[in-house]
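Some structures to go through are shown next.
Each of the next two complexes has chain A plus one other chain: chain B in the first, chain C in the second.
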Partner chain A sequence: MTRALAPAAPRDHGRFLYGGEPLVFHCNFYNYWLQKTLLLDPELQMEEVIQAAASEAAGQMFRRAAAALPGGGTTSDRLALAVDSFAELGFGTVDLSGVSAEGGTVTLPVSHYGQCFRQVVDSDFATPQSLFDAGFVSAAAAFVHGVPRHTFQATIEACASMGAPSGRIRLDATGAALTFDGYAHEAHSAGDPGAPFADTSVDEAAILGALGTLDFSGNEEGLIPRFGVMLTRHFASFYNRVSFEFLRRMDKTGLLDAAEMLLVDTGYRCAFHTFGGIMTSAEWDAVIRPQCKTRADWVHGMVATVNALGWGVWRVSELSEDRVVVRIYDDYESCGQLDMYGRSERPVSHLAAAAVAGTMNLIYAADIHEKPTLDLDFYARAFEQDGLFEPEQTRSMAMGHEYTEIVASR
Partner chain B sequence: MTLQELFPGKMGKVELTRIAIRLRMPQLLKSPTDAPLDEALVATLQTALDTVRKG
Partner chain C sequence: MRQPFQVEVDEGCQRGLHLRFHFADRVPDELCETVLARFDDAFAGWEALGARTVRRVIVPFRFELRWGHADAELSLILRFSATPEERVLDQRSVEQLVTQLCTCELAA
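Coming up: the complex of A and B.
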């Protein structure tokens, strides 16, 4: 399967750019819980923000990718790039043939935000969940037909999340209701992460090498089924925009702390399903488990794996059965904050904080080495235990520190 | 009915936070969890809980 793709390249501090956009791995459980949180308060109008953030990230990627095509590419070149990028990154399959510069209808035979969300809740949603798709296809259609990115307003007419056999999105050339303008992506930490933790039998370089041989391209359906979840190679700027806009809006309601707490909870879901899936996978058993003699080694094995996710460089600086200190260089949340809004007065790395504590909970409290079934009942039982690790963001690149530091203790 | 009966345990605390955001009621997170709630508020919370628990 040969796809027309944007230029892609690894960058320093664990980043990976696709069409100039940093990509990060996240699964359908994280995407579901994040969106569920974002949409809690209808007055925040986060549906528009999600669509605009998707359009922003995809549009910036398309713009940079076009620069690599001779003469900006033909219409068919750009169409192939748009359709193939959607599938390659795990978002599903999309048919843009019914759209012109004046608008039209997009169909989505398969959608991560449609079919894969239904896998999480095992029932129909009351409202369409394919908001990301709507933003992506509005930017894609504009790119293909050479009109400004904000040309189209998208309306979701059918969505697999609600039980429709496929998705359908109408594009009208009336202008998008909300737009974000994109921004440059910089590495912000000048610090040297140094070598991985020395006191372990885990070989991070070998793990990164082994993970580098795995194929994380979307399959024929444009999906990435791995580790018991559906992965996406998603735009970091999308996550950052929707999360920070959510917090900005919540700041006016007196519920900012609560909103941050829910973003951490969303991160716990990510750690539970994605990290849990990784640590119970055949790939873990083949490559990493044989290197692990102690539970501490499991932590180092998971940290090594995280360093392949595009989340920045994690370094364990202290580890015991009751406490871990992880320093993160260029965590994507801090980078996004600095790029989009400038220096913050509060730490912003809620996903990273939850991921560190969630890793410790899986290894030291939930006995992940015994391969429990990672269902919601197990999550609830594990979450209700006493003696769980709680994270604290003790340093933050978004606040001007050299690295972000997460301390998780119990 | 009290908040801790409606929202038991740590999972309940997270659900209560979701409800507080859903209803824009920050005072819910500062209220004593063992104080009796009036019936109208219980009904409001129950309805919001049902909505939030759905996909």
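Coming up: the complex of A and C.
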């Protein structure tokens, strides 16, 4: 299966760029919980934000990818790049052949935000969930037909999340209702993460090497079933834009603290499903578990795995049964804050904070090594009882520090 | 005859689409060749997973088989593109196929 793809390259501090856009791994459960959180209050109008953020990230990627094509590429070159990028990154399959510069209809036979979301709740949604798809295809259609990115307004006419056999999105050349204007990826820690934690039998370099040989491209359905979860290799900028706009809008209603707590809670879902899925997966058993002799080793094994996710470089600087200190160089949330909005007065790494505490809860409080079923009972044991690990963001790249530091203790 | 394997539905994020076949001894040796011969569009590949070698056979838009990731375990990953009826049919086909292979190996 040969695809027409944008230039891709690893960068330092664990980053990976596709068409110049940093990519991060997240699974369908996190994507579902994040969107559910964002859409809690309809008055925040986050549906428009999600579409606009998707269009922004995809549009920036397409613009840079076109620069690598001779003469910016032909229409068919650009069409192939758009369709293949959607599949490669785990978003599904898309047919853009029914769209011209004047608009038209896009079909999505398979969608991460459609079928995979429906898989999470095991029933039909009342409203369409493929908001990311709508933003992506509006940017893709504009790119393919050489018109400005903000040309199309997308309307979701059918969505697999609601039980439709496939998705259908109408594009009208009336201009997008909301747009974001892009950003430069300039934020970067000059700090040296140094070597991984020494007092462990876990060999991070060997783990990164082994994971680096695995194929994380979307399959023929444009999906990435890996580590027992359904992954996307997603735009970090998309997560940042929707999360920070959520915080800004909640702040205007005096609910910033509550909004931050909601994002941390969403991060716990990520830790539970993604990290829990990883630590109970065949991949973990084959590559990482053989190196783990103690619970501390499990922490280091998980940290080594995180360092393959595009989330920056994590370094454990202190670890006991009741406390962990993790320093993160170029965590994607801080980088996004600096690139999009400038220096922050508060820490912004809510996903990272939840992931650190969640890792400790899974390993020290909930015995993930016993391979429990990742159900609601186990979630309550790992994240809802008294005496669990709580995270605190003690340093933040977004506030001007050299690295972000998360302390989780119980 | 009693089935030479047990089937467990993975309850993770691939809920309902991922079935694990557990064998008493090992995954049948001729599985790859047999699936490739049985399904026209099927193609095979492999990848290193630490010290293990994972074999993969994909029947596009229907299902994927993976083994080698764990001892005596076969993963059947059904595709969204297949209808519910096709998924039932594909699971049954795979079960029959591996049963036949196990029976042949026992007889040999």
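Everything below uses one rule, namely that the second predicted complex is superposed on the first by the 408 of 410 C-alpha atoms of A that agree within 3 Å, B and C clash if a C-alpha of one lies under 4 Å from a C-alpha of the other, contacts with A are read in each partner's own complex, and residues count from 1 in each chain.
In the analysis below, a contact is a pair of C-beta atoms (placed from the backbone, for glycine too) under 8 Å apart; a residue touches a chain by one contact, two chains touch by 3 or more.
Note that the structure is a prediction, hence the values are computed from the model and not measured.
On the superposed chain A, the two partners chain B and chain C both fit, without a clash.
In the superposition on chain A, contact of A:Ala259 is made with chain B only, not with chain C. Legend: residue contacts after superposition of the two complexes on their common chain; A:Gly277 is shown touching chain C, with no touch to chain B.
When the shared chain is aligned, chain C comes close enough to touch A:Gln119, but chain B does not. After overlaying the two complexes on the shared chain, residue contacts for A:Ala210 are found with chain C alone; chain B is out of touch.
Once chain A of one complex is fitted onto chain A of the other, the partner contacts of A:Asp41 are limited to chain B, with no touch recorded for chain C. In the superposed model, A:Leu374 makes contact with chain C only, not with chain B. Touch criterion met: A:Val287 reaches chain C, while chain B stays clear of it. In the superposition on chain A, contact is made by A:Gly228 with chain C only, not with chain B. Between chain B and chain C, the partner in contact with more residues of chain A is C. Shortest separation of chain B and chain C in the overlay equals 16 Å (C-alpha atoms, whole Å). The contact surfaces that chain B and chain C form on chain A in the two complexes overlap at residues 120. Against chain C, in their complex, chain A makes its touches with residues 27-29, 109-110, 115-116, 119-120, 122, 210, 213-215, 219-221, 223, 225, 228-230, 273, 277, 280, 282-283, 285-287, 290, 373-375. Taken in their complex, chain C has these residues touching chain A: 10-18, 47-52, 58, 60-61, 64, 69-70, 73, 75, 77, 79-81. Of all residues in chain B, those touching chain A in their complex are 9-11, 14, 17-18, 20-22, 24, 26, 29, 52, 54-55. Remark: chain A residues 36-37, 40-41, 43, 117-118, 120-121, 123-126, 161, 250, 253-255, 258-259, 261-262, 265, 380, 383-384 touch chain B in the complex.
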